[in-house]
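Heads up, the next two complexes both have chain A, just with different partners, chain B and then chain C.
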Partner chain A sequence: MTIKDNVQDKIDPRVIPLIFFLTIIEFKLFVMDRKVFLIAGRDSWLSALIGGVLVTLGTYFLLRLMKRFPQQNLFQYISQIWGRPIAFIISIGYFLFWGSYLTLLFNNTGEVNQIFFLEKTPILMPIFLLALGAVWLVAYGLVAIIRFIQIISPIFIISLLLSISLSLSQVEIHNFFPILANGITPVLKGAILYTGYFHGLEILLFLSPFLSDNTKIFKPALAGIAFLNFLAVVFTILAIGILGINNTNQMLWPGFAMLSLIEIPGFPAERFELFQTVPLLITAFVAISVILYLLSYGIIQVFKISQKKTVVYLIGLLTVLSTLLIPDFAWCMKLREVHIYAAIIFIYFLPLLTLLLSVLREKRGIIHEK
Partner chain B sequence: MKNKLIYLLLILLAILIIPACWDTKDINNRAYITALGIDEVASITMGQENIPFRYKVTVEIIKPALLKESSWKLQPEKASSIVLTAEGETIEKALDLVQTNISRPLTLSHLQILLIGEGIADNSKIICNFFEKHPEVARRVRLGFVQKNEAVDVLKTEPKLESYIAKELVGMVEISKSFSLSTFKPFTSFLSEMRTNNGQTLGAAFSLSNNGDIVRIGSAIFDDWKLVGWLDGEETRKASLLLPESRKITFIGSLNEGIYTYKVDNKKTKIIPEIQNEKLKFIVRLKTDGIILQEEGNELLLSEPKNIDKLEKFFTQVITGDVNEAIRKAQKIYNVDYFNFGMELMNRNPDYFESLDWKKTFPRVPIETDIEVKISRFGIAK
Partner chain C sequence: MKFFKWKKEKDENSATGSKIASTNPVVDVTPRAEQQLYRGSKQLYSENIEENLQSLFQRLPDPNLVTEEFIIGSRSKTKVVIAYLQDVANTGIVAEIKNRLKGIKAEIIPDTSYIERNIQDSIWSPFPQVEIVSKVDLTLTALTQGRVAIFVDGCPNIIIAPTTLFDLLDTPEDAYRRWFVASSFFRIARFISFIIATLLPSFYIALTSFNPELIPSALTITLTAARENTPFPIYIEAFILMGIAEVVRMVMLRMPNTTGQSISIFAGVTLVLTGLVTNIISGPITIIVGLTIIASFTIPGFDLRSSIRIIQFFTMLMATIFGLFGLAVSVFYILIHLSTLKSFGIPYMSPLGPIELSGWGHTILRKTSVDMPQDETYKPKKK
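For the complex of A and B:
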């Protein structure tokens, strides 16, 4: 069974911003762009701003590619554009990219859980439970995942906006000065790196067959990614403005540190930041589900495997077990940093090349009559 | 359908019981540390080994069940918290020893205030690093330094209005933010300033009066992460004129045989670096607005504008004197830039700042003042 050309339950394109929010944010709410902070320092907000423009531009090209092949997904049309052997290599590249990312996501979830909540519980246990839920959801296909996103997103969005509004008053303007003290080069380097934090954006290339109206996708997708970038800029500003760049660079989770500064007089629970556990789990779960979907259904499609559920379960199990290959948390952090570069290749570079080649070779998607 | 139901129940059961096997965390069954004090202990020899430096860690642990009772009873029969002390080569080791005294697992998740004794304040960097790293500690924890006495002495003091000492200390810190006799920097701001300003800043001071009461007065001065001195209440009052926070500051001055009290309730301080002919100088621009609260001796008719002008000019002189004195203290006595003149220069002209050896430059750099005093009110009587 493959990703269907036509499915009964169609998705309204207006859901795309929600898909972006919950798929892309995952741990970035807490980790934020750590590497960008190290490179661009207190000018990281400028990197996020410029990087945001680059991400929006990248999204536009993904949409152009999607529009060119409105009823197919990436794996269906790359063989037409690149030829079968190269397309196969690209597909394997994507599988490795998603597989490694999924492993890192599982590991990150386990590590965060162990550090903040359940220090004695073996790291595999929460990962296994999370994977069990994700596998179950993924087995029902992308539509089920998107419906889940639609139901769960209000909890995430409300708590996110609440955190932002409660943190705003603590921003100290002097933390942003001097601006551009080290020139524009670190800012630009940071901006390029920033684009690599948008793992999950590539889901756009697999959405076409599921959308009710492919012609109306540009507006919500671009608005969604622009708003997500706006939130990223706001979080970057909050981190620098509240913690100061030197403190931010010391933190593994600047976002968590930032939230633990919030104090609400009269609030019954003192540890407000722990309320953010729920959105953290939601986004981690959604990101895991989406990547697991892309990986397992991609493999099903490329290798033409009929046992859909078996593959999903097997991939889930293998990625959970592969977390054992990561020796410790320091390695997990290091690998996540390296993965940013892989993301730039697989999210922007390869789709952009595919688009260019499809234009040059005048390739277009097959449109089925409804 | 039946299989699915069994599957769902199995998952729910797994979620409920599996994590709890390892990590049961019943909030009723934990020992919440609300205040923690760290002092220095002299070196000891344990067997063959000489341990040159040790921490004395004092913790206040609340008894949640008694808090409600203590909050409305003026003299509750039982104290709502206990204070325990232990010594160790590291803070964690000392906490392990504290754990041996109580029946519930210790947690720092509700730590509200951290006090560092004068004797160990030079090790603030190491101490802060422990609390910054600790996953249970919230960043909102307040940080204070105990002058002359030990942190344990402050933590063992009976609270006057609150049911436990951490609450009393937090209350004192919060109220002091509006007044000028003491300074306060949140844990994160303290670290941020130390990291940006070569370990130079002011820290919150706590001390004990002769009759054993806790006093929040003065400031601890840090240079290169080491405690180099203290500002008393009067010095802190003068210094607060140059600090960015808006606080209530009281000035007293005598004019024409009358003594007047001017309370500043709104101020704006701006430190402006200027480089002319390769020579650096700073201008401190200060604008104050406040109220005349007390008159003694020769009383002026304050509803007369010319009298207000006269007082404004007079208090401009008084405040200029205080600002100059505060600057002199920082530049000449301590050689510590706790007013962040260097940071202001770096913000505006980073290249020039980098070309200087700021530590050597600061004590000699000319600082001018431009002070504007406004008396907008004089109470409800002439």
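For the complex of A and C:
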């Protein structure tokens, strides 16, 4: 009789909305969906609305795939569906996708730190400090990461709601008119691009084996993604409503510029918006930890490596060093825009194909009796 | 004083343990003034294990209350007894505690701390992973939660395992106060004090040294004026004053009661006043350090309080080097440690991480209930 037999360390499906919030938002709170703004202009909020429906639909298909293989993760069942050689190529694709995303996340964090906090500190130093924490957390596995998310989420949610409530009064309705001035095509293009901003959604495909109850995942997951979409629409509306589309398109950090306009009566701090970098740091750190987990444990699983901690530390170090390959911040932003297209392939397209193929080939996961 | 009779039964599942059941438990233990209590029992444990067990049986004459005896210490042969409610306590946790007790290879057991450091999950963690109590009523509530009490002969303190951070921040008044809203209010106030005690000096250092633009203008002018003639940077002032505060606190602990208090108060006041008058330290940092020390005394447990003092210095160091970013990273590190720490398989930050709403009623808040609320934190057996 051991503790593990009696006290199972599992994730309650009801915390999935929190996982989504802290994993997916990362820098989008400040950077926002810039590419969508450029394409859809002042109708970006419509793109977010339509894109939100597409993301919810995508989430639904991910959940269907998850339900077919309730006790396995993506890497465990793709070889059954695609065959070993193709499954291996797909896995390598995912590793490159996550590896590059992690590098961009680290680079973004370092740049943000240099702009807002430590101007003279070398960019590698803050990246290294965050990587150290992420590696430490990831070494304990996914359940520990989810526990961390649950503990830190109140700080994030309070900061976010405070920002939204204080910004609402600044919205100017005339910034939204005329609606659909350039027709529906840019809105639809923007909607498709919008779905690519949901990096981290693929964590759903790896949660299954850790959940306390696989049957109760649909409601919280769909509710979580719907609420996240609602927040995205609200932030898009706030950006256009407060800054106007021309200013939004010109700014590097429209979200940050929007928050800098916040005024609290009787609070004479000149740069109140700096306090809002707290949720940014939290979400960036969580996103880094989750992606580092997916990458390292994916490699461990595919290549059947027993030295788990060594792999986590090595991947952490390699991705930190790979930030040196990005020449400057402009490049980082450009690469992030390109990464949106990769996200559409790896988050929606490949899992959807996997689901279709599993239905056609009548493949289902093995369910072990508890 | 009457002593109760023991009826011992050999435990079939345990190689060294033996089950003990009581008959007719009656005991009279003289109360000692150890802490200020406004409400609730003032009965404290004595240094005699048999008296302590009698007290427990007297307050909880439940046939499901099981005690098992272990002899630990190759020289001292110290009697160690675990007590739990067999219809409530999780079988896996009880088995794990017994295994860890059996694994202790000490020569002598002069105090419960010898047991504690041998059975805790992490020796490197600054956070205590078991709760130390000296009151009988606290043992009762712990047992009904599904936890295990460990009695050590010759020690007036009882180990309660497993534990969570929220149980360590709990005080008896929280449960005994009539109005649940007041209890919840004071609990939240204690959590805020806990955060102030951990982070206030570092937050002050980060703001004043790296991001003064975040401080309201009027306050910035006042702070600058107060620091006009002081020779040291803010972080040096903070470290010096926090160091002095620690020395004064150590004097209070080491010296006999009245003398120690007089000397520490005199020394503290003299040092601070002289520092202020000679402009070696500034006024604002004195306020910050004073507030931090006061806040730290709202933390109920001695071990937890001591750990927070060490953590204060860590966060101060990070804020000194990396400003607000360093402070945020140090908070991440603390939270990473807390989210990975466990006490006998129970996550240390439960019921916040993992979120278990059933446990919020008597950990994070206090719900209005006529009964002791049952929660899932310690994975009790289903009734």
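Keep this in mind: the second predicted complex is superposed on the first by the 359 of 370 C-alpha atoms of A that agree within 3 Å, B and C clash if a C-alpha of one lies under 4 Å from a C-alpha of the other, contacts with A are read in each partner's own complex, and residues count from 1 in each chain.
The working rule: a residue touches a chain if its C-beta (ideal position, glycine included) is under 8 Å from a C-beta of that chain, and two chains touch if they have at least 3 such contacts.
Here the structure is a predicted model, which is why all the values come from computation and not from measurement.
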First, second, both or neither for A:148, with chain B first and chain C second: second
First (chain B), second (chain C), both or neither touched by A:88: neither
Contacts of A:242 with chain B and chain C, given as first, second, both or neither: first
Which of chain B and chain C A:61 touches, first, second, both or neither: neither
Touched partner set for A:262, first chain B, second chain C, both or neither: first
Touching partner for A:129 - first (chain B), second (chain C), both, neither: both
Touched partner set for A:329, first chain B, second chain C, both or neither: neither
Partner chain in contact with A:118 - chain B first, chain C second, else both or neither: both
First (chain B), second (chain C), both or neither touched by A:218: neither
Per-residue contact with chain A, leading partner among chain C and chain B: C
Residues on chain A lying within both footprints (that of chain B and that of chain C): 117-118, 121, 125-126, 129, 133, 136, 270-271
Of all residues in chain A, those that touch chain B in their complex: 115-122, 125-126, 129, 132-133, 136, 172, 174-175, 177-178, 181, 242-244, 246-247, 250, 257-258, 260-263, 270-271, 273
Interface residues, chain C side, partner chain A - complex: 90-93, 95-96, 210-211, 213-218, 322-326, 328-329, 332-333, 335-336, 338-340, 344-347, 349, 352-356, 379
Interfacial residue positions of chain A with respect to chain C in the complex: 1-7, 9, 11-12, 14-15, 113, 117-118, 121, 125-126, 129-130, 133, 136-137, 140, 144, 146-152, 267-272, 274-275, 277-278, 281, 285
Chain B residues within the chain A interface of the complex: 11, 14-15, 18-19, 21-23, 109-110, 132, 135, 138-140, 186, 188-189, 191-193, 195-196, 244, 343, 346-348, 350
